[in-house]
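The same chain A turns up in both complexes below, where it pairs with chain B and then with chain C.
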Partner chain A sequence: MKGLELLKKAFALQPVERVPWVPFVGVHGGFLIGVDAETYLKSTDKIVAGVSKAIEEYNPDGIPVIFDLQLEAEILGCRLQWALHNPPAVVSHPLAEGKTLADLHIPNSSEGRIPVITEATRQLRKKYPDLALYGLITGPFTLALHLMGTDIFMKLFEAPDEVNEVMDFCTRIGLKMSEYLIEAGCDIIAVVDPMTSQIDPVTFETFVTPFVSEIFDDIRKKQKLSSFFVCGHAQQNIEAMCDCRPDNVSIDENIPLDFVKQIALKKGISFGGNLRLTVVLLMGNEDDAREDALACLDLGGKTGFILAPGCDLPMETPPANIKAVTELVHDSYKQDVVRELEKKESTLDVFNMKDYGQADKVIVDVITLDSESCAPCQYMVEAVKRVAPQFEGVVEWREHAIKKMDAVTFMSSLMVKNIPTICIDGKIAFVSQIPPKGELIAAIQKRINEKLKLRIKSKRSEILILGEDAAVCREINAKIQRAITELGKDVEVKVITDKPQMAAFGVVKGPAVVTVNYKLKSEGAEPSLDVVKEWIKEL
Partner chain B sequence: MNDLLRKIADCIEFGKINKAAPYPPQMKGQDGADELTRQALDEGVKAQEILTSGLMVGMEKVGIKFRENKVFVPQVLMSAKAMSTAMIHLKPYFLSGEVKQKGTFIIGTVEGDLHDIGKNLVSMMVEGNGWKVVDLGTDVKAEQFVAAIKEHENAFVGLSALLTTTMVNMEKITKAVKEAVPGAKVAVGGAPVTDDFRKKIGADAYSSDPQGLVEYLNANV
Partner chain C sequence: MSKIPFHIISGFLGSGKTTFLKWIIEKFAGEYKIGIIQNEFAPANIDGAELKKSGKNFQLLEINNGSVFCVCLLGNFVRSLEKFIDKHQPEVLIIEASGLSDTTSVAELISASTLAGKIYLASNWCIVDAQNFSRVGLMKQRVIHQLRMADEVVINKTDLPGLDNEKLLVEIRKLNPFARITETTFCKIDFQLGNLALNKFYFGEMKTLPRPEINSMVIKTTRKIKYESLVDFLEYWAAKSFRIKGFVNLTGNTVCAVQCVFDEIQIQPVDSGFFPTELVALTENFTLREWNKAFRELC
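Presenting the complex of A and B:
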């Protein structure tokens, strides 16, 4: 199903086959195409290239055109400090610095960077007609804070009328911005109002609800979808946010997803979130990303849930981590694998595999989810099954289906991370890809050769020549060397002429010859008497 | 306890700045932190006592309410404003050394980050709990933190960040501070910061709310 359709279904709370996926790519798009944040946010071409690249890499169902909560503020006279790796920051607040509302105006569609994003939207719309394009606008409270600075917090109590006027002005701007973005081709308007996480529900209902509700109603009138994004500790306001009548609320890791799910579904709206931005996506690895995504997918469920990062992706988020999420979203089999692993990993003992693979035979282990229910696993097992008999009993193979606990332990003992995987004598040989027959045979043969070499080496022996007379010893040595060469053996020859040492071997009179076999018989264990007797017989 | 001190604590807790202030509605027309602190001093209450048994008591209550999501940033800012109004009367006693502070806390928003709401809240709370606060502002580089801790021996260092992209600078700064002053204690906080992250970068303390930091500092005096 096409992304937009799938999202519409999720927004309408209809059960979906697969959870829709919306990576919030902002300046990360710049990272993908190798430009800094400032260059990126100021250029239609770069935005189109960055978003296109993100679509190609992350196979999303919807994507924001840009993620920049400073765009409106800049036009209204807030000074921006640009950064290379971040969206810009607002550093001055006109209404706290002598300006009044009368000095400000509602931006028209050609002001500031509005044409940059509307044009980018148009081009992306044309290029990706089936994908949901999110148009982001700065929420009125956050915009009001840009204009007034932190004074707004105290003015909520000390000058509520003034705050209301500014909120109303910011709402007019929000309405206009959503109009521009809808005209340019956005399907979903997201009102992004992170600063509302800093106020209590009563203040929210007094100063935010009347204004944002107007924006959501207007979007609905225009027959487009809406979403209310907050980040931060906004748990106290979730219910109030839902009451503003957006079609969706999207939250970050600060709020438990199941909490939001419960309230949103009760209120009849969809919800989204809340992949962990920093610890997982930015600083974690692919396994962390998969695990976190799965946790979200399992908590969110397939009705009314949209998988998304908690907020704007940090610019330098490793693409591999986001791709890992993408893969998981699109592959229910991978989800099963991660789910199985996660369930069991916490209670794992790891086997001591130090001596694994020392047996005479070569052991081939195939780690699978379960070859009966998982196609890739089945093919991998069959590949091994076909090849093993050709080695006529030298190769022993086993399947470890990780639906069983001991198989999971075995898997982690071998440090296997992916399913399916083939290990040869405990070493990871083939990961995920089914090896062609020739390669598999070659890999096993290589191991057999290695073992053979080891064996030959371990049989290395010594011959000691004991005698006081050096000339006699030399003569014997020459004979022995000839014998060694003729037999093709690898034997070391030592000459001992020291009397006390000779005596240690029980030699009273030279010359004498002693053979010594240094084969290692046991290590780290006390052998039984019977075993020791057997060894002695060998000599 | 002195009735005046209790009233001062209430003013801080509820953000009553002075008599003229309309907020909070339930205290309309009553004396605020401003008037009551003056009165207490005039009646001969020691400045130290006003701080410890009045202001700090109120501030601690706000800190706890903030942690428990009973009040939010706007209310805390009102409390802080009431606090700083009271502090103006106490300033001379700080300068003369009559009022002793628990220690010094150096704070700043880390390099690349210009957000100061969180940092300001923390510094108000810490100051309100009897600490001297050296506020280095926003976009503070490692060298600035190092210079500050060299100047204020035995000070604690607090790093704030709002952005996921700037919080990574905390690691560099923590290292620099600890290299310059082995044994220095570094606390980190801010919306994206977690205790896992704190461990990862080798900082000493993390709290999701200002009161947690105050408790950490008080426990380590």
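Presenting the complex of A and C:
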């Protein structure tokens, strides 16, 4: 199903086959194409290139054109401090510095960076007709904070009318901005109002609800979809947010997804979130990303849920982490694997596998989710099953389906990370891909040859002739040499005439003959104490 | 290089954070290399300029570029701070977190990022403006959060007339039963550059204090845990830590404040608020990954 269609279905609370995925790519798009944040946010071409690259890499169902909550503020006279790796920051607040509302105006569509964004939207619309394009506008409360500075918090208390006036002004701007973005081709308008996380529900209902509700109603009138983004500790306001009549609320890691799910679904709207931005996506690895994504998918469910990061992706988020999420979203089988592993990893008592694969036979282990229910696993098992008999009993194979606990332990002990995987004598040989028959045979044969070489190398014998009388020793040596020749053996013969050396073998009086069998027990590895004990017992 | 103690000073706008900082600089700047990080949402650089006027020697990192109020903007913070540390090699770091900052996120960043190898969270202060605390009533969501996570609460400006400090004290205790609360005027408080819990076990003053293996770490989760499991969890991990503290959301919607100093465990129910479970540990015996995993398994 096409991304936009899938999102519409989720927004309409219809069950979906697969959860829609919307990576909030903002300046991260710049990172993908190698330009800094400032250059990126000021250029239509760069934005189009960055978003296109993100679409190509992350296979999303929807994507924001841009994530920049300073765009409106800049036009209204807030000074911006630009940065290379971040969206800019607002560092001056006109209404706190002598300006009044009368000095400000509602931006028209050609002001500031609005044309950059609307043009990027048009181009992306044309290029990706089936993908949902999110147009983001600065929420009225956050914009009011940009204009008034932190005075707004005291004024909520001391001068509520003044705050209301500014909120109303910011709402007019929100309405206009959403109009520009819808005209340019956006499907979903997201009102992004992170600063509302700073206030309590009563303040929210008094100062935010009446204003944002107007914006959401207007978007609905224009027959487009809307979303209310918030980040930070906004759990107290979720219900109030839903009551503002958006089509969707989207939250970050500070709020439990199941909490939002419960309220949103009860109110008849969809919800999204809340992959962990910094600790997981930015600083974690692919396993962390998968685990977190799975937790979200499992909590969110397949009705009315949209998987997304908690907020704007940090610029330098490793693409591999986001790709790991993409893979997981699109592959329910991968989800099963991560789920199984997470369930069981915890109580693992890892086997000591140092000496695995030292037996005479070659052991082929196939680690699977379960070859009966997972197609790639089944093919891998079959490949091994077909090949093994050709070695006439030298090769033994086993399947380890990680739905069983001991298989998980086994898998972790061999340090196998992906499924399905083939190990030959405990060494990872084929990961995920089903090997062609020839390659599999060659790999097993190689191991057999290695073992054979080892066996040949491992045997060396000596015969020692001990005696003080050189003539007697020569005589014995001649006999031994003849025996060796007749048997075709490779044995070294040494003569020892030194008395103290003879005594070392317990021989007081020669001649004596000692046979010595050397056996190579390990090579290139440090044997464990237990293993050494076993060897000693054999002596 | 041994790890640098990192202190957070939070508090609502105008509560006296900068005054407190100035006082710390006055007292310690001659003796130690101090690094100050300022993150103020207020008009740029005002506080920075104030501090510089003191004429004392310290290094200042200003993060105006994106206030640390939202997780989206924290990534860059790590990069800037790392550079700052490498350049100036401070012996102690203090962040003046804006009144809108999420101090747990800051602590979490320190414990999860590459910064963990260089610094540890030594203390978390919250300055409360005695006069304005009740007035920020409508929007004290963030103040409450900062208060919860503080080890040290300073009630400032208690000398102003007409204040009911007792009532304020009760209110703060309800939010954070374990923090040490100090009342003061002009933010004159006994500030230690190391960590209190550590000081008890490592004698000697500052120079020998920053221990190489100390890690601070944060668990933040929206999952809930059973009371019995929490007790098991704390019994196991407290013995391995200098200190564990924070708030835990229990199944059945109770919220508990938790404080463990070595194996002495205190758990106390508090008014529930809409916050995730947040636990901070100071230890030299385990990693964040282990700790996090152990907690998750019990949820």
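What we mean here is this: the second predicted complex is superposed on the first by the 470 of 539 C-alpha atoms of A that agree within 3 Å, B and C clash if a C-alpha of one lies under 4 Å from a C-alpha of the other, contacts with A are read in each partner's own complex, and residues count from 1 in each chain.
Throughout what follows, a residue touches a chain if its C-beta (ideal position, glycine included) is under 8 Å from a C-beta of that chain, and two chains touch if they have at least 3 such contacts.
Keep in mind the model is a prediction, meaning the values are calculated, not measured.
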{"item": "Side-by-side fit of chain B and chain C on chain A, or clash", "value": "clash"}
{"item": "Chain B versus chain C as contact partner of A:193, first or second or both or neither", "value": "neither"}
{"item": "Touched partner set for A:283, first chain B, second chain C, both or neither", "value": "both"}
{"item": "First (chain B), second (chain C), both or neither touched by A:235", "value": "both"}
{"item": "Superposition-derived comparison: chain B or chain C, residues of chain A touched", "value": "C"}
{"item": "Partner chain in contact with A:256 - chain B first, chain C second, else both or neither", "value": "second"}
{"item": "Chain B versus chain C as contact partner of A:292, first or second or both or neither", "value": "neither"}
{"item": "First, second, both or neither for A:93, with chain B first and chain C second", "value": "second"}
{"item": "First, second, both or neither for A:316, with chain B first and chain C second", "value": "both"}
{"item": "Doubly contacted chain A residues - partners chain C and chain B", "value": "81, 83, 85-86, 89, 91, 150, 153-154, 156-157, 198-200, 203, 231-233, 235-236, 254, 277-279, 282-283, 311, 314-316"}
{"item": "In the complex with chain C, residue positions of chain A that touch it", "value": "81, 83, 85-89, 91-93, 96-97, 149-150, 153-154, 156-157, 194-195, 197-200, 202-203, 231-233, 235-236, 252-259, 277-279, 282-283, 310-317, 346"}
{"item": "Chain A-touching residues of chain B, taken from the complex the two chains share", "value": "15, 21-24, 69, 71-75, 77-78, 81, 112-117, 120, 163-168, 191-192, 194, 196-197, 200"}
{"item": "Of chain A, residues touching chain B in the complex", "value": "81, 83, 85-86, 89, 91, 150, 153-154, 156-158, 198-200, 203, 231-233, 235-236, 254, 277-279, 282-283, 311, 314-316"}
{"item": "Chain C residues within the chain A interface of the complex", "value": "13, 41-44, 64-67, 69-76, 78-79, 99-100, 102, 105, 108-109, 112-114, 135-142, 145, 220, 222-223, 273-276, 293, 297"}
